[in-house]
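Below you'll find a set of structures to go through.
Two complexes come next, and they have one chain in common, chain A, joined by chain B in the first and chain C in the second.
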Partner chain A sequence: MSDSIGKVKAQKVTLKGKFELECGQSFNDIELVYETYGVLNADATNAILICHALSGNHHAAGKYENEEKPGWWDSLIGPGKAVDTNKFFVVCPNNIGGCHGSLGPNSINHDTGDYYGPDFPIITVRDWVNSQAKLSDLLGIEKWHAVMGGSLGGMQALEWSYLYPKRIKKAGIIAAAPKLSAQNIAFNEVARQAILNDPDFEGGRYLDKSKYPKQGLKLARMVGHITYLSEEAMRSKFGRELKKEKLNFGYDAEFEIESYLRYQGDVFSESFDANTYLLMTKILDYFDPASNFEGKLVSAFESIEAQLLVVSFSTDWRFAPERSKEIVNALIEAKKNVSYLEIDSPHGHDSFLFANEDYVKGLSAFLEN
Partner chain B sequence: MSDSIGKVKAQKVTLKGKFELECGQSFNDIELVYETYGVLNADATNAILICHALSGNHHAAGKYENEEKPGWWDSLIGPGKAVDTNKFFVVCPNNIGGCHGSLGPNSINHDTGDYYGPDFPIITVRDWVNSQAKLSDLLGIEKWHAVMGGSLGGMQALEWSYLYPKRIKKAGIIAAAPKLSAQNIAFNEVARQAILNDPDFEGGRYLDKSKYPKQGLKLARMVGHITYLSEEAMRSKFGRELKKEKLNFGYDAEFEIESYLRYQGDVFSESFDANTYLLMTKILDYFDPASNFEGKLVSAFESIEAQLLVVSFSTDWRFAPERSKEIVNALIEAKKNVSYLEIDSPHGHDSFLFANEDYVKGLSAFLEN
Partner chain C sequence: MNTIEVIKNWIDKESEVLDLGCGDGEIISILSKEWGSRVLGVEINQDDINKCIQSGLNVIHQNIDEGLGNFSDNSFDVVIMSQTIQVLREPKKALQEVTRIGNESIVTIPNFGYWTTRINLLLSGKMPVTGTLPNTWHDTDNIHLCTIKDFENLCSECGINIREKCFFNKFGKESVLAKVVPNLFATTAMYKISK
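After this line comes the complex of A and B, so read on.
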């Protein structure tokens, strides 16, 4: 029976020592916040690492004290759910560069005493996976039963599979792509320009100046949000419904979809950091495992030992099923143990957040068999 | 043989008298600029009206003195071209609300002596068609041989067909839709918010204050531009090509697609009016002929007498072929004389601007048979 995981609390850990980044810069001592659900077994073989996407964080399931809505993947993580916390010990960190407690642009740089802000280095999916490996060491997890995530989270699961082949038994790569398309990058670039050109962005030093590029971040989120929903979902949810009965011949929000987007943009821009948003879009743009192998994805996948599940959603136009199939085809060519699941779902890219029956069954079977 | 129409000049005319708008407001005396190509025959039966789209204007073909690039539809209009100026007298006006010489937000309101700016009323496709009908009277054209246009231009051609059934012999409705989808409106709303929230927009009174919301208009155009191109076109044109050989780990334009979008946005924002852009997106949002007929498109089409050609393009995801088919199906149900042409073209929505062979043949046959 599916049930909620109940009350949860975030934890904090410091990864001690020098941490080298792909860009050539480094950090000393990285603070990471994370949550865990379920119980780690005696031989530490039941741990699942959940990787979050662009706007996600470590709060994947359950509720904090007095919180109304549960974590972002609560529909899939809990007792009896797709990721069954009666069986598995689930770990979800907030990634470096995030804005929910882990080392990020709105952290203080101890070398200078100021906020990192725009000085925060541009990190990569590889940097994340390396930091997650250090977290695994601290938690006493030599080998993950599974690493999984949706969208940018799926890219981390994929990176784990070839970067640490001995440390991962299964990889769940959901609603992802082997790299961004020109159109994906184009949408990210619009989002970045919206933030970078907001006069309150102040070259990224808005925290020092007690300002905030709210409008830029709102616009960035509105653009992003369009790409997360399917056209079908928008049509059935909003269509051309007017807020009032008649056209108002003005620039107030007139159609329901306009209010919805403005609202989503407002809420998001009040709870997210603009420098983190910039960073996240860049991390997406940079992800391209084939680039180190003369463009050959199959070569990038050579080292993989894990069993892999690739999941796509029929109405996802941000990372369409075709993009997942690129991953699957390269894995097959590299003779890896891969299963592919294309789920019929109306929710576009956001489908990976919903507990669709086939999707839940597929994940359970993959994790438990 | 195809050839250029050569040097052209814009003309100006004043439509005298009171002009009532759908919103309830009215104008006195409307100035319109337009261009003509070819020669009107003695009985005025060879005239073709070209309707422009969101960012278009009256300069559809030929070149001005010292101009480098010809008008926006020069590939299709000229001697021996799809719209053959050896046979037809072609008229293309800049629509009311435009920013290239016709009455628009950057015109002086003679009642107040100030720029209209944000006081310019929100007009509709119907208002445009009514103003074009007045222009027809002035030019001595009782019945157009054809009215045609792409995108928002196609919507005007469609509106002509049921609003003035006796005054139009053929209607060419290219890369259009019977109304915007929620997703189309969503993209327009992002563009509007980008402009409205630019601090230099000054509530639309930027001309009075010698300011200009360049960043907002640039962003609006960048968003729009993504929807004009197909993903395939972007992929084959830019892919993930880097400007330099290596990643720069910063926020300068890094991928070719980023530079391209920024450049397109810059050029556009230097030559277009922000209030006009707002207005054009709203005119698109409002177009919905079925709305006066309880949502029944077939009822809206009852009055049509013209022969119609509907054209769509395989990779157009802004107004996909399915949207054109909605028009065609309603026309068939209303027992109208309609032909449908779906052109295989890689250029997305912008395909209507390119002289694809099948497209040119289809248009010629439609106009000349």
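After this line comes the complex of A and C, so read on.
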């Protein structure tokens, strides 16, 4: 029986001490918010770390008191679900640079007393994984049963597998890529330009001036959202349906898809931070594990000991199956334990969020074998 | 001996094995569990893939017909292709790929020259439906059936050497008849081949 995890609450922890970043800067004491579901067993061998993607956060499953909307991966995490909370202790942190409680651009810089804003250093996937490793220490988890995530979350799971090979038994790398393509970076750049050129962005110091670059963030999200859906999904969901019965010969939202994108952009821009969005796109752009190994992904994967599952989705064009296969083929060549699943799904990149039957079966088989 | 016993006789314990069209992982799971061999399966059927993952086997979701270019030359000690070549669009190319990827390869085929198949076709005038070939002509995945003679001819045409061969009767066992007149009395033939 699959069921909801029910009411959940976020927790907060401070990673004490100096934390060096890849860019050369450092933080003293990092605050992270996270959620946990299920129960950690006595020998701490049933823990699964969930890594969130670009716009995600620590609220992966269950519902908050007085809220109807469940966490972003509620379809897959819960009692009897793909990530079965009857069996596993699931941890999902909000990454550094986020805007939902962890240290990020909208936190106060204690050295200056002001918001970090645009001064927040550029974080990398490696920094995230290092901070997650510190969180593991605090939670008493020496070795994760699995680390997994979709999209940018999958990149973190991959990074875990070669950065901390002894601390991870399995890695679930879902709808990810070994690095961004020129096209991927191009879309991110359009999103960044939308934010940077909003007059209310104020060079990133909008919070100090009680302003907010809502239009820029909205536009950024609209562009991003298009890349998460497949042509097929958009066609079947919206087609050329009009909001009113006939064309209006104007620039208001006339087609359903226009109205949908505007709505999604509005909702997002009210719950997300513009500096965080800029930062997240940069983290994606910089991810390239092969770059430290003369472009050889196989060499980057040399240290891996975990069992890996790579999953892609047929209609995902943001990180198409071919991109996942680049990871898989390098793992095969490096003689690592890898399985690969290509799931037939109409939902484009967003497919990783849906409880597709084959996907769920594959994931639970992998986590429980 | 049955097929798995023969395979175990033909390969070393330390072999790294790639099974193309591994199904639910029957062969590689035995090699992995009993011998601790490093194994990798390639399969296209989702249910079979999940069964492999459930058994803790490494399996890649891939359509062999779309190419095997992701596997480099001589990257496996042994490549197994069991009861798969007849469902492929380009059996000749597949055979060449198998011997390119593996230092040695083991290929198993259903023998269309088996006597009941021949009689079936001769007497009914219809495409044979038998125990090993249970589907009708329009509903079968077996689009490239061949006889033992055909297969051996293809090997020699491709410059592929047959190192060992073994023939099985309809019970999946070796038998005297299948050994003496295989093209007539073997339902299945298994070959150890290399370039």
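Convention: the second predicted complex is superposed on the first by the 369 of 369 C-alpha atoms of A that agree within 3 Å, B and C clash if a C-alpha of one lies under 4 Å from a C-alpha of the other, contacts with A are read in each partner's own complex, and residues count from 1 in each chain.
Quick note on the criterion: a contact is a pair of C-beta atoms (placed from the backbone, for glycine too) under 8 Å apart; a residue touches a chain by one contact, two chains touch by 3 or more.
The structure presented is a predicted model; accordingly, all values stated were derived computationally and were not measured.
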Message: If we overlay the two complexes on their shared chain A, which of chain B and chain C does A:D119 touch? Say first, second, both or neither.
response: neither
Task: Counting touched residues of chain A, say whether chain B or chain C comes out ahead.
output: B
Message: Under the stated touch criterion, which partner chain does A:K325 make contact with: chain B (first), chain C (second), both, or neither?
response: second
Message: Looking at A:L341, would you say it contacts chain B, chain C, both, or neither? Reply first, second, both or neither.
response: second
Query: So, does A:L309 touch the first partner chain B, the second partner chain C, both, or neither?
result: second
Query: Which of the two partners, first being chain B and second being chain C, lies in contact with A:E31: first, second, both, or neither?
result: neither
Message: A:D358 in the overlay: touching chain B, chain C, both, or neither? Say first, second, both or neither.
response: second
- prompt: With the two structures laid over each other on chain A, which partner does A:E333 touch: chain B (first), chain C (second), both, or neither?
  reply: second
- request: Considering only touches as defined above, state whether A:N369 meets chain B (first), chain C (second), both or neither.
  value: second
- prompt: In the complex of these two chains, what residues of chain C are touching chain A?
  reply: 16, 38, 40, 46, 49-62, 70-72, 75
Interface residues, chain A side, partner chain C - complex: 307, 309, 325, 328-329, 332-333, 335, 337-342, 358, 361-362, 365-366, 368-369
Query: Which part of chain B faces chain A closely enough to touch in the complex?
result: 23-24, 121-122, 179-183, 185-187, 189-190, 192-194, 196-197, 199, 215, 218-219, 222-223, 226, 229, 231, 234-235, 237-240, 247, 249-251, 253-255, 257-258, 261-262, 265, 278, 282, 285-286, 288
